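Two complexes are shown next, each including chain A; its partner changes from chain B in the first to chain C in the second.
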Partner chain A sequence: MQPLLSAERLHKTYGHGNIFSDVSFTVNPGETVGLFGMSGSGKSTLGRCLIGLERLSGGRVVFAGEDIARLSASRFRKLRPAMQMIFQQPAISMDPRMHLFDSVSEPLAFHEKRGRPEVFASLFPLIAAVGLRPDQFSCYPNQLSGGEIQRAMMVKIYSLSPKLIVADEPTSMLDMSVQAQILLLMKELQKKNNTACIFISHDSQIMLTMCDRIGVLGDGDFRMMELDEFAGYTTELRL
Partner chain B sequence: MNILEVEHLHVTFPARRGSIRASQDVSFSVKEGEICVLVGETGSGKSVIGQAILHLLPQSAMVSGSIRYAGEEILSLPESAFSRLRGHAISFIPQDPIGSLDPLMRCGRQVAEALETRGVPKEMRPSRVTSLLSALSFPDPDLVAVSYPHELSGGMCQRLTTGIALASSPHLLVADEPTKGLDYVSRKRTIEMFLDLKVKGTDSILMITHDLELADLIGDTAGVLYSGELVEFGPAAEVFGHPLHPYTKGLIAALPKNGMRPMRGVCPGLAALPKGCYFQDRCPAPCTTDLHPPMHDVCGRQVRCSRC
Partner chain C sequence: MSEAAVRHRVRVWCASVRGTDWYYRLKQRPSLQVVFVLLAIILTAAVFSPIAAPQDPAATCLYEKNQWMSTEHWFGTDYLGRDLFSRVLCGLQTSMVVAVTTIAITFVAGAAVGSYAGYNGGWAGTCIARIIDVFLAFPSIILALALVTLLGSGVLNMILVLSVVQWASFARLMRGQVLAEKNAEYVLSAQAAGLPNWWILVKHLLPNCIMPVVVLATMDLGHTILTISTLSFLGLGLPPSIPEWGFMIHAGLGDMRTAPLNVIVPGLAITFVTLLFNLAGEGIRDITDPHMDVEGSL
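On to the complex of A and B.
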């Protein structure tokens, strides 16, 4: 099977030492690969580099057979819908001055050149699937809870039928009972759509339930571990 | 002996329409040398309790009930009298460690300031700062003392605010979410630091947190808050080992290590609480009455559920 994404000898520096170097791994369709590390280990930066939100200092990312850094702007824009990101802070990941209705229908309206009301109507099945009601989308983000915004984010992202999602600590700001709801929803949607996911977190328990393999970043080193090995590695970090 | 006794504490905030009951009929006590943990999710009113004890609530808050420290009523004390306790006998570790430190003052001076209010003579302060910081397992206390808060990590700022709170050798320490937003290494260090305090056995600690694992590890007694009221209170090992209230059970089942089985629904808003039991919409076996269940004793602990 051809991997969906392959990272080859990735390297990133901001000019004062390496953030990470010599990072290589592949992600198959439908697979969840974790990125684990402590604050400041570069796991978010790596996630952003993988989908082209940040420029690499070295190495290349091949997504669906193409090197994303060498694509022209217009070809890259065609590829964009296939790779999406869920951010850590629900409170600031939606435009505070836009109704959720506009935020959620904007990407599909832009990529497919359709009207927003028409796009929004086509999202109804997805809205039901994440457990929201269409009338909640007439709110501004500050009128909803963090869990509801992460659900709306899921609608926004899955409207584009992505092949890869980078989830950067999607539940670290949520309450315990809501966290479990959102993670299970992510798993369910991922399975239904055969979407691959790169899951970034510093919670080893969540990693073990969500991921198939886990890459550990620490002091600029990168190691890909199977679940058993990761469980052993993190027991010493636990209490 | 009880160092802290909270009885029938009500905190209400006026809102544009009606009022928000952030804390309702909360009663619990903390014994001397004990760690009491209050667990709750966002909006459960847990921080409000800490702020009520420390007289840090905004002026608009309407507070009633009774809070006694070492037998003395402190809720009705005027600010002039209470400020003799705050930061001396009762210390507070605030949420958001980075935001609660002065960004323009070196860390050592911020600790020294706390020692100054305690009446430690000027020439002794630097050495006391160093010994306090090294007791909090800072590898290089002198370097930390001359650093500014932005030069430290979140975990280090957390330990620094703890150091400031401990500088006055308080009898009661109120810690609000000490592990919020920390990564696993800093979280582990913070928990070890509290376990260390527990071993020394000098302080009584009231800890407010959403971290169940932390609560289970360090708590002697534990209370679970839901929508502004306590739903279960008792010895921590029993509350987390054999939960009685369906909400406590749900929280524990939702942890990733227990299979991550989520509770249905969300907490009701504090401005529009349902009649009867506040947990009824999410309860796997809801009761049929409209009566609000009172806290009652069940095998040595208190539970607010008519089915227990």
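On to the complex of A and C.
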């Protein structure tokens, strides 16, 4: 089976030093790969590099058979809906000056050249699936809770039917009970749509329940581990 | 319900949600409604002032100079016996035309240049940023003097000169706003969704960055009126035949002790108009900002 995404010898430096170097791994369709590391180890930067939101210093990312750094701007824009990202802070991941129904239906309306109300109407099944009501989308982001916005974000992302989702600590700003709901929801949608996921977190318990394999970033080097190995590694960390 | 009916109802619902928003916030603020009504009156007066003025603003009568308020001359007369009320009313038109046009030009130019420089970065952005710095580092009044000397006086030239002098402060503010906002997650999310850069700039960054610039614009309106008067003071502003507030203050200074109305009337007019535009600017900020929906924050 051809991997959906393969990262080859990725390397990133800012002015003052290495963030990570020599990171290589592959993600198969439908699979969940975790990225684990302490704060500041470069997991979020790596996640952003993978979907082309930040430029790499070296190495290449091949998504669906194409090197994303070598694509022309317009072709990359066409490919982009297939790779989406869920951000850490729900409070600012939606445009604060747009009604949620506008935010949520904007990308699809743009790509399919349809009116936003029409797109929004077609999203009703998805909205029900994440456990929201359509009338909640008349609000602005600051009028909803973090959990509700993360669900709305999920509607926005899945409306583009992505093949890969990079989830950058999607639940770290939420409380425990909501965390569990969101994670279950993510898993469910992922299974239904056969979406691959790169799950970034520093919480080893969540990683063990969500992921199939886990890559550990630490001190600039990268190791891919199976679940048992990872469990052993984290027990070691606690000692 | 059929699918078409659902779609129709959603369309109506979306339109109603979008439409009621600003109106709702305006309805919550009676003081702002008063400001808008006053502003409408001022602007109407500016448009019709040559017709509405009770007397000829240029008619001199030395027997009646420096008079106090009376039924004939509501705001008294100036040092040449001209009716101050008519002059202030006609000066409103001049000041409004120059100041509002200048602010409109600088606002559009500054916002466009600033947002481009902020969003794109790169060498073009850096170049623009340095050019802005040069304009800001140059003493504005000297630049204005040089340009007026070069171009000559007159309303059009005045607008041109003031625009050249002032656009940089708008551009700098806009650039700073865009720089601060462009790495916010909603912008990244729009990029990740494959929306083109111009779309992100116009639909997401502009609405989120423009409000401080709008407030700056309303503040600068008063400043612009005063700059015109400074240039008039140096004899380089508008020709004396055009009634203008700044020049009226300057001309009335000599008789200030015996006939204070010469200075007070145009001075209060500048204060009033500036204040009104400031309040309107803040009001526009409030009614367009969703965070202002909280009932307690009125």
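Here, the second predicted complex is superposed on the first by the 237 of 239 C-alpha atoms of A that agree within 3 Å, B and C clash if a C-alpha of one lies under 4 Å from a C-alpha of the other, contacts with A are read in each partner's own complex, and residues count from 1 in each chain.
As a working rule, contacts are C-beta pairs under 8 Å (C-beta built on N, C-alpha and C of every residue); 3 or more make two chains touch, one makes a residue touch a chain.
Because the structure is predicted, anything quoted here is derived from the model rather than measured.
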item: Room on chain A for both chain B and chain C (clash or fit); value: fit
item: Chain B versus chain C as contact partner of A:99, first or second or both or neither; value: second
item: Contacts of A:116 with chain B and chain C, given as first, second, both or neither; value: second
item: Chain touching more of chain A, residue-wise (chain B, chain C); value: C
item: Which superposed partner A:204 touches (first chain B, second chain C, both, neither); value: first
item: Touched partner set for A:128, first chain B, second chain C, both or neither; value: neither
item: First (chain B), second (chain C), both or neither touched by A:179; value: first
item: Contacts of A:38 with chain B and chain C, given as first, second, both or neither; value: first
item: Included angle at chain A between vectors to chain C and chain B, based on C-alpha centres and rounded to the nearest 10 degrees; value: 80
item: Distance of closest approach, chain C and chain B, by C-alpha atoms in Å; value: 5
item: Set of chain A residues, in rising order, touched by both chain B and chain C; value: none
item: Chain C to chain A touching residues, read off their complex; value: 6-7, 10-11, 13-15, 17-18, 184-186, 188-196, 199, 203-204, 207-208, 288-291, 293
item: Chain A residues touching chain B - in the complex, by the definition given at the top; value: 38-40, 145-147, 172, 175-181, 183-184, 202-206, 208-209, 237-239
item: Interface residues, chain B side, partner chain A - complex; value: 41-42, 153-155, 181-186, 188, 191-192, 210, 212-213, 217, 250-251, 254-257, 260-263, 266
item: In the complex with chain C, residue positions of chain A that touch it; value: 48, 51, 53, 77-81, 83-85, 87-89, 92-99, 101-103, 106-107, 110-111, 115-118, 120-121, 124, 134, 138, 140, 142-143, 153, 156, 160
